[in-house]
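Okay, so subunit A shows up in both of these, paired with subunit B first and subunit C after.
Right, the complex of A and B next:
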């Protein structure tokens, strides 16, 4: 048998990083790294890997500093300023979640406390107007101390208890600011649901930061300082101790690492950074309301940290760029509605392209397209016109919308179709997950088409909710497929 | 602070014994719902050491399934069938649907992460919770679905449906059929669960798996199946709680699972996480605390009072009321 030249090769495995016979995971990783350094982008990848970290940070800052010159004021606000905000917040969350391995679900509350704290000491609400040089550090320290106080309750506790305490803390914070609103000195402390308005802009030595450009550069400085600070913290004795604590708290304690003190230090640093971000956020928005600090923001922050990679410093920055830019493209008022659709179909094309081996990808691609036309032809031939009468929602160019409406069935006036299609899609994804090999490729064809149907008739018309659903899915998928995120850090495998 | 204290005393005086009874009644009804949800948290935590954030949303889906059945049957005032089979159908749909959902969540979100670091399934759980909540928001357009619970099964021009007939009253505060029904059903389900865990072979397998999963699987227990069953039972209880919430208050909305889940988990922690009687005691306690703080302190402070109690427990008795002090082994 063995000398038969036509012996079929064993099926390549679906998962790229699955262990092969005779190749352990370390060798596979090393091969992967070497493969990255060859090919067209090889020199760039080699250069990036070889350059020291400060150079990378400098390159990033140099690029970010050019943004105000080629983006309009409005674009700079939503793409530039918010990315910096998410990146800085993500860095703070990364200290708690990535470095120390604590699941802090009240993180957004610190952000909110910082914003409210700044608003209270620099607005006509109580008539107090501190200079920014005093209020920013004071707010950061105050928020850090609140985090420390909450951390003290996790004295003897493991991560799960900490998660629930902090999540409840966020809820209590929202209730406190929104409805409890205790009256102090004749005014409600937090202004209830209308919040606090007329907040002073940041002002240093009589120079107020009022334009988006000024605020952007100020935030860029804050982000650079935070990045540099965390870079050194991560490489210090404390940083190594944090990593030890994250991987195995018990072993770390046995090694005489002061586990609880380090946990509290991480919480304090994360909370202080979030408080600082909150203060700057309040000064940029010129108003604070509790609707800025909901669970949705928390999920976005976790998506930022986890997509980039927990525990790395570049991770949250990369995550913030990807998440914020795609979030803005999904916004309903975005003036480039086509981009949303390009992103969606691009993501599906990328998903197909990443399939191995290549001929399976071709089969799935061709199969999906043919399947779509077949279904569309059958449906339009056998049923009433209302099943295919819909138009692609806010298609930027008419031709693109027409092509899509000729392939995807978009019914009009069939009430329960949306619900049923959505549930069928979720079930189909579950089926795809539980089969493998050619069966998976076969199941993928109707599933992908179903995805397009659901996207066109359910998801695309309500982009705000869609974004949140996608964040939920993102957290699940990344944790299952690539828990280290896009960048990630080397982890020690514990047997 | 003083003003708040005085207003509490004033409220206690103003409400009197009758008011106190009404608060006790509301607290018990609310508490039995919390207890049912808390059981799901505590069972899953006991067996997987996983904080299942999505559990509150399974409860929410159960409430929506019950509501969907009610709508399909013609709505509260024009039921196509009798009220008893209608409620039975609501329970059947809510419990079965939630149970299947729970098993699917375990199979597709948590099982691939069985041996991952502790934080990975926690983050996945948040993702699942967010996914469920927003999917329901998308499919219901974010509306609150309400009906008047007083009208359910109403005949002719009677004032109330049969669910809101007063059974007995204390100091002018009546107890209605639905309130007794909720507490009794919750008690029945809890007793059934205790018997299942303590008397059956499956219960033995469940306790063995919770005690030591690896050793249990070496003894020939299919631990994956046991875990899937645990999720099924936990979700069925949550689905029942969701249907009962709908029957009692006549409202379902997509974000109802978050707060209920948060409080139910607090109940499980206060009772002693992993302990089934603890979850029941904790659930009733949280229900009573919430009801009395709404009555005496003011509705806007209820969540903050519960949070304060959670913090106190964390500080002084982190193992909860009925939990045992576990020694971490290597």
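Right, the complex of A and C next:
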């Protein structure tokens, strides 16, 4: 550097830029290198990434439009319609949580307000029957304004405070609808715990949507419009401002972005979309009760948004598909336990197959099978017959049940065996996590066997519990493999 | 660097009068008067804790002063929220970089144009022609601001996330983002911090260009005395929130009170 301030500064050398390519481009290419590592999902994911966004939406709609042709009415209802509902609700929650970064725990209340709002203006409850073309927009606007009002009460709208206020709002809403039930014009406003029945179906120009198929297509249109609208909003000045204030609210405010107003706008839009969903939901169910809007729904909605990838448009849709389909599939009344069993053993086989190097996988696989037969032989030779007397529950065929029972210990009449097996499994998993290399492979052999024992003796006989546990495991696995969500990109906080 | 043309009457753009601010009992800015004229580059120097960044936080509305007046082009800024102050024409960079790291380079510069653009979310959802026209203008303005930095922030870098930039480029991007708010006055908080000598040279030249080519008035906090010497029309020295010297670089740098503030009392005695 020159010591004389009056000599002109030297021209900046462009060579400096070239040397920095080492830094900048390396960091820039990091994502590309990670993408290449994605294994056999890689090509499919890259092809999907490469196609323009409208094409993706079109492909999704085209696929979704075929569902009614190959799903039964019942399956279309639980797998199709509810996926659309969760996806649309997830899009709205994503505006609040993903775009504006607000932890809104009262989101389900807007869904409920929309449902009750529609029911009040479209049922014999008060004898009001608005046409759907009037009631749907009115309910959406009303719910949006409620959300705006809630946003105005918590002026600073900062993290934990907003979460508490909104969670309280959801609980207050539930108490209000379920217990308070104020009497207006001689009738309880919300119908108490029995809710409001005989709600009108959606009706446009005298044409009522009564079959699942009609309702499904209507919801598909709503979802498509919501997706396109939010996609455009996200790519506008407002969307950029939302993302900016999520990144750094102070910097955004100083860069001429009115942070609080934009947060309220996000809440309003999310609430309006939730209200619209609620209205359609009420028209499909033909009834509304407060039990439809509990914390469980809130948890599922957050799972949809987080699992799909916060802040992306496709994220909540994919999240809704994964969550709703697996939730419905695992329901005990959907009676296919042997499918669940093959999923279970398939997952274990996949887990072993992904081990490296390949011979370690072979050792673990052969070792686990041999270990099972050895344990079974020892137990049946040294203890009473009741220890191995059990049969595999719901095994599809009798011979399959026999084969499984010949490998896994399934005792009969040893009450606390289940509990002990469960605890031993958890302990074994902890051991596996704390060792590495060949020790881990060795520890895996009894652990995997214990997993099978627990599955056969504890989980398979009680499908309701199994459903919950498998759902939890699924969420844990997905969130471990892709902590940023299925679609979301990993966010960098400070480098 | 060039001094303002003598033929032109200096017109005050930013005026601080009797500005005071304290946190609890600690007085950070004490009865400060300061005027920055149009198209002038004024440097604020002073030891750590002298209140330089607090001064910026007061001007941009992050803090409100306990007393005193802040006027931009004759209009008071006191009590306005930061986004309105930005709209009135005061934009800043941050000493600890605060980019929107997970947005792309060009999105950073597009986002900060929020204040001067109008199309709301309804028209964005419907994608009206007015919306698309404004969107093109925003993009063009962002490209123009980025092109100000030569090859550094051009081409493939536009669509990369801001976190992929090197440190020096992040500082440049922060300046570009501030420029995109179309400020009357640009407040730069230690623009040369953490830069190597070559980059420091560049930033010195760049600050001159910001005034001469882009026509900005600049108030800059800087520790690197070579930079201060190279850019300043006028230097203001702060210590414990009090203005201890003001004038040309030579006059301020040799002022005994400034030397004392930086090096301690004994240094000024032995000098």
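Basically, the second predicted complex is superposed on the first by the 296 of 495 C-alpha atoms of A that agree within 3 Å, B and C clash if a C-alpha of one lies under 4 Å from a C-alpha of the other, contacts with A are read in each partner's own complex, and residues count from 1 in each chain.
Going forward, a residue touches a chain if its C-beta (ideal position, glycine included) is under 8 Å from a C-beta of that chain, and two chains touch if they have at least 3 such contacts.
All figures in this text were calculated on a predicted structure; none of them were measured in a lab.
By the touch criterion defined above, A:347 reaches neither subunit B nor subunit C.
In the superposed pair of complexes, A:458 makes contact with subunit B only, with no contact to subunit C.
In the overlay built on the shared chain, the residue A:259 is in contact with subunit C alone; subunit B does not reach it.
Once the two complexes are laid over each other on the shared chain, residue contacts for A:250 go to subunit B and to subunit C alike.
Applying the stated contact rule after C-alpha superposition, one finds that A:468 touches subunit B and leaves subunit C untouched. Within the superposed three-chain model, A:165 lies in touch with subunit B and out of touch with subunit C [touch as defined at top]. Once the two complexes are overlaid on the shared chain, A:101 sits against subunit B while remaining clear of subunit C. Once chain A of one complex is fitted onto chain A of the other, the partner contacts of A:238 are limited to subunit C, with no touch recorded for subunit B. Residue overlap on subunit A between the subunit B contacts of one complex and the subunit C contacts of the other covers 250. Listed in rising order, the residues of subunit A touching subunit C in the complex are 1, 5, 9-10, 12-14, 16-17, 20, 23-24, 27-28, 30, 229-230, 232-233, 235-241, 243-244, 247-248, 250-259, 265, 269, 489, 491-495.
Subunit A meets subunit B in the complex at residues 97, 101, 103, 105, 153-157, 159-161, 163-165, 167-169, 171-172, 175-176, 179-182, 250, 295, 299, 302, 306, 310, 418-419, 422, 426, 430, 433-434, 458-459, 462, 465-466, 468-469, 471-476, 479-480, 483. Of all residues in subunit C, those touching subunit A in their complex are 60-62, 81-83, 86-87, 91-92, 94, 98-103, 107-108, 110-117, 119-121, 124-127, 131, 134-135, 138, 150-152, 156-157, 160-161, 163-166, 169, 177-178, 181, 197-202, 204-205, 226, 229-230, 249. Those residues of subunit B that touch subunit A in the shared complex are 4, 45, 49, 51, 104, 107-109, 112-113, 116-124, 126-132, 134-135, 137-139, 141-142, 258-259, 262, 265-266, 269, 300-301, 303-304, 306-307, 310-311, 314-315, 318, 328, 330.
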